[in-house]
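Lettered A, B, C and D in written order, each chain numbered from 1.
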Amino acid sequence: DGESIAVFTKNQTNPYFQAVRVGTENAAKTMNAKVIHYIPTKPDSIPEQLSQIEDVIVKKPNAIVFIPVDYKAMVPGVEQINEAKIPVVNVTDRSAGGKFLAFVGADDYNLGLETGRYLLKKLGGKGNVVIIEGVKGSLTSIDRVRGFNDAIKEFKDVKLLASQPANYQRLQALQVMENLMQSHPQIDGVMAANDGMAIGAIEALDGANRKAQVIGINGTKEAVDAIKAGKMLASGDYNGFVQGCIGTMVAIRALRGQPIVTEVVLKPTVVDSTNYQPYDVAVESRSCPAWDQAAAMATKTN
Amino acid sequence: MRAAVKSPPAPEVVEEKPDLGTPLLELKGISKQFPGVKALDDVSFAIWPGEVHMLLGENGAGKSSLMKCLCGAYQADTGAYFHMGEKVEIRTPTDAKKLGIAVIFQEFSLVPYLDVAQNIFLGREFKSKIPGLLDRRRLYAEAQKVLDRIGLEVDPRTKVHTLGVAQQQMVEIAKALSQDASILVMDEPTAALSDRETERLFAVMRQLQAKGTAIVYISHRMAEVFALGDRITVLRDGKNVGHAVPGETSPDQLVRMMVGRTVDMSYPRNFRAPGDVVLELKDISATTGIADINLVVRAGEIVGLCGLVGSGRTEVARAVFGADAITSGEVRVFGRIKQGGPDVAATEGIALIPESRKTEGLALIRTVSDNLAVAGLPKLFPNHLFSPGRARRSAEALIKRLRIATPSPNQSVGLLSGGNQQKVVIGKWLAAGARLFIFDEPTRGIDVGAKSEIFALIDQLVAEGAAVLMISSEQAEIVHVCDRAYVMRGRRIVGELSRSELSEENIVRMGMHDE
Amino acid sequence: MSMSSQTAGATPRLHLSKDVVQVIYRLLAAGLLCVVLAVVTDSFLSTNNILNVLRQASLLFFLASGLTLVILSGGLDLSVGANIGLSACLAATVIKATGSPVLGTLAGLGSGTLVGVCNGLMVAKLRIPSFIATYGMLWVLHGLTYYYMGGETIHGFPPGFRQIGSGYFLGIPIPVYLMLGFLAAGTFFAQRTVWGQQIYAIGANPVAARLCGIPVDRRLILVYAFSGAMAGVASLVFLARLNSAEGDIGEALTLPAVAAVLIGGASLFGGVGTVFGTFVGALILTLVLNGMNLLAVNASWQPLVTGVIVVLAVWLDMIGRRRT
Amino acid sequence: MSDHALSAAQPRPRLPAIPGVAIVLVALALVFAAISPNFLSTGNLSNILVQSVILLLLAMPMTLIIMTEGLDLSMGAVLTLASLVLALTVVSTQSLVLGLAGAVGVGLAFGFVNGWLVSSLRIPPFVATLGTLGVAQGLALIVSDGQSVVGIPRFLRQVYSGETAGIPNPILIGAAFYALFHVLLYHTKFGVYIRALGGNRDALTLAGVKWQRMLVAVYMLGGAMAGVAALLLTARINAGHPTAAIGMEFDAIAAVALGGTSFERGNGWIFGTLLGVLTVGVLRNGLNLMAVPSSAQVAATGALVIVALFLDGLRSRKP
């Protein structure tokens, strides 16, 4: 009891990671452990997360729950953790190397694919769409966009007009959308790689008095509100909260010698106007699934 | 374009060239055009070894420009250079250096965060035996030698930015002397110096002269012209208007050549009975080191403040104006205790003409008109709305009144000649309607004609009831102009001289009386 | 920059004021850009797109206009972007809590101004170089915002409030009116008031300005407060436009805002520049991004092209000024 | 700038001449040592030093650039690009030398362009390097196509994680370059001219020094050091990444300013920069050890910079 778990997340600004953090806290509280958060002061800074790993190793927490800011560049950091013999659970972005107790995440590709399909079906399998990408080179963006593209390929009458990055930034998405609307008089669907950008696109459409169906990814409160209000079509559920819960549970259970699972890849759920209710609560008031439920989601056990 | 007054033709002067053999350096037909100003117009000029050649002219006549062409800092538009009879090119400072030309510039060319020695040998560093590195020991030894020669008692390791104006001027001189040049150009080297340093400099110049160095010397101080000069060249409006020899010419004649009219150099004053006390200092001490300063200035008086360089005169002026903090004592202005910074001082009608025009007096990148308006903004535009036209008209009036040579009120002040810049510094306070003027070296670098005009102006100010506190290193000025004077030594006031006691000897005796 | 070269560069021969000449050159540059874009794309010249560009430029201009005065006074304000973040979050909270856009607006303007005053006090009274003082402030503001927001966003504001960001009047977006208003006010303040002139004087030589009796400290505080207030304005327009507040809302805007001021002809050494120049600078930057989006330039190339154009614009401007 | 050439004498300092950054560094170290038992362990101290080296390698040339009244905003982006070039070269040729040559080459090229824009075209350094920042960032995205470059051979990682004579390699590299910069600034002509470039450029012209070349050299030095830092960065993250060092130039500028180098008149010192870099390192490390929340760390970083400069200001009040 009273184990200390160090939790590494990518930044302090994206609501998604806040959901993960709340999940870890929730799980730790019910299991009588405590978490300490390490977040780069500069969003997504690789050198800074490496430094934080080194500093944390000096402090020797009992276990680590780890989201790499970059799945490849952070491998040396993971190896240092391994050398220091601190058990570590990988969450959200699957690290390209290093030894982990388990991986807990969602499948970005399938998320993109399913949400994309949902949109295209709603459009009746035809029309013009644009994709708004996240940060170039980030695993989440690459996989989600790949999913979007594959969904589009399934529908012959759908035309992809443009695929532009807006770096997961709301304002950039808004301006990119404004500019795209100038060169494309007819846009029927917008696929954004996260909810913030989706909302930015919606604002741009509203501003120009144009209509299009917009989807995003993450299932944030804001997106749920927009879905409720009928402004947004759907959001792929990425469920950071549950990822945080399960990641922490695995870490603590391993410390206590209880059985664990080694991989949980959450199934994609598309949140739309028919099923948003469970998501319409602030993360702080949600609670973690019980271990049985969590174990049932496992895709690998040892 | 230039604002020179219409003037009668200059008196005829002997134009024959003395037969002294081949000149060391000869400039022929030099012209230099700046936007709006023809700074030099077909000027020819020659120097012979071992002579001190005085270059005279009004502010903006083109003296500095001519010297800058001579040393490669400017490139002349037309003209040719001959070194010992041979045609040479001087296009860069390096070319000039190769010919053995060294220059003491009117505006300092020192680097603030290098030390004295590094400044003296800038561009001529001593190489160490280890390739790529510098020989620091040699640097300081050599620098010490040069400093000893001119009698500057400063550690060569002192960073230049910590030095006062006079010491910086001495470093500038040391820098030029260290080059062992065959031609030495000095552009108003004594403008910032007091008599003691000046004497020292003259001694060094005489040594150099004896060794055969040719010296070109620019100064607005008539006494120096006659004490040092072997020959005189006068420029006016960018043209060479004649040569003269000191023994055969009188100061009045020279002045007439320079300004094209007669100038009364005795600075006549109308002494009147002083009025109410305007400024009163009681036991002032300040963070800058001055202590127990007591003095009084009344309306209608010009009170001098004299002493050696470093005696603390500037610090007194700054303390009055609120530019430096006072640690004890009180300043009373018009009977009320004054507290606060320069902004308070300005609203109470005090004006400070600071000693360093470039760093403290002017915004060099702004126009003449802007600079002339800046101190008087609240007075000129009481409703806070600025009108460029109004500012311009006010500036034009001042340009006329002070005879500032500028192609237009829109010229950047940084492009004016040194003396004209100084006039702008004075002018901006005239627009502010101040009633207590503190002049710190007001005539530094100002030509004789302008000087007498400025003193006439100051006289007029006091006649209208203003009070003036004047600092000057030229004792003659203090003696001629002031009603009374205080003498400072070691950052304290050591005495007061009444009008009848005011003489150069008395000032020197009181101010120099060493411990 | 050597004195002679720099000053020589800035002197017009005619009575045509320096500022006017600068502005003409810069407008020409912007015009050239427009012509190029109009020729190579078919959608550039639509009314919609023009309004679009103007509205995007307005966001940049709000920040940059405040920054212009700071730069004129010889300083720099790196905290404007972070200031937007904090002010937007506070304004959003107040609107949510009270339902009153007016109170929210006051909160946004107030917090922006307060941050500016703090900057001003640090620069004027504590004599911390502005670059550092405002850089430190940037971190402090980020810290406060992150702490306050805890990674969440606040969204959904009353339609009345949203008008200032996304509304139209006579077919022209409201932010464009705001921009023109601030352009006129800023130009008037800088060129036609005593305080404006004093700010120029301070920028050109702070020591001399002080010895001229200008209350330098008070003017500097004013300048930074104004810059903070403009960040407050920008935060409100952002909020209204984006309909949501998050911590890093203005982060990416600081450098473009500085760039806009510099492209507009101001000098980081102070004393040179105009608000109108900044307006054109903001326009040029926005046109470049708009053009690249219209041309569907690969996103990887966008920073590169922007970089080259920024340098080119400033260089052409300098040549232009040297010629006069 | 040179217009404000020389100020009148400054009043004598009233506080002892201890730079603000030193006071802050010592104070921080004392506080952390008192609160966190791990802070003073050899492992942790070496940790701080190792972490500080990359920043030091950037901050030292930045000091010189700032002393010339310049600025290099492109440094972080150039470092990123150089790191990618190094990674790509090493992965394809397996040669460390070629990789380093490539990285330093990229740095030199950008340094040259920066220097040329600033000295020949007289574009203000802020604008010129803001432009090249965009170019370097764009090139980084283009050469990497937004992806990390992986498969870095073991020997490259050894550069960062290995030890020589019991001392971690990065510390040795940092020390060697510190010595180099010290000599450069205080014992060579170049050092003298750097001060003059910031203090009074006209003085150099009149002394017949071709300062344009010097200025280009200063920026090239900055680029080259970004190349060297790229070696350590790539070895550290075991990859090339298109955003690895974005924004690091501001950390470097902050460290330089923290160290007491001023943006005007060529007033600066390299030891102050070392102190500045260490102060940032100690602060981050200590706050991490104390598990201070990230948002407070962010605010503390800002407050620290302000406090140090404020202490400096107390010492030498401008007249």
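By definition in this document, a contact is a pair of C-beta atoms (placed from the backbone, for glycine too) under 8 Å apart; a residue touches a chain by one contact, two chains touch by 3 or more.
All values reported here derive from a predicted model rather than from experimental measurement.
Q: Need the CA-centroid distance for the pair chain A / chain C, whole Å please.
A: 34
Q: So what's the Cα centroid distance for chain B and chain D, whole Å?
A: One centre to the other, that is 43 Å.
Q: Could you state the distance in Å from the CA-based centre of chain C to that of chain D?
A: A distance of 28 Å separates the two centres.
Q: Two-or-more-chain contact residues of chain C, please, as numbers and ranges.
A: 3-4, 6-7, 139, 142, 146, 205, 207, 299-300
Q: Residues of chain A that touch two or more other chains: which are they?
A: As it turns out, chain A has residues touching two or more other chains at 12, 41, 136.
Q: Multi-chain contacts only, two chains or more: what residues does chain D have there?
A: 3-4, 7, 141, 145-146, 202, 205, 293-295, 297-298, 301, 319
Q: May I ask you to sort the chain touch graph into line, ring, star, complete or other?
A: Looks like something else, not a line, ring, star or complete graph.
Q: Which two-chain combinations qualify as touching?
A: Chain pairs that touch: A-C, A-D, B-C, B-D, C-D.
Q: Okay, in this complex, where on chain C does chain B touch?
A: Checking each residue of chain C against chain B gives 3-4, 6-8, 10-13, 15, 17-18, 191-198, 200-201, 204-205, 207-216, 218, 271-272.
Q: In their shared complex, at which residues does chain A touch chain C?
A: 12-15, 17-18, 21, 41, 43, 133, 136, 162, 164-165, 169-172, 174-176, 178-183, 196, 199-200, 203, 206-208, 220-222, 225
Q: What residues on chain C touch chain D, complex-wise?
A: These residues of chain C touch chain D: 1-7, 9, 122, 126-129, 131-133, 135-144, 146-147, 205, 207, 255, 258-259, 262-263, 267-269, 299-308, 310-311, 314-315, 318.
Q: What does chain C use to touch chain A in their complex?
A: Touching chain A from chain C are residues 41, 43-44, 46, 48-49, 52, 55-56, 59, 139, 142, 146, 149-153, 155-156, 166, 173, 238, 241-244, 246-249, 252, 289-290, 293-294, 296, 299-300.
Q: Spell out the residues on chain D that touch chain B in their complex, using ranges where they run on.
A: Contacts found on chain D: 3-12, 14, 183, 187-189, 192, 195-196, 198-200, 202-209, 265-268, 319.
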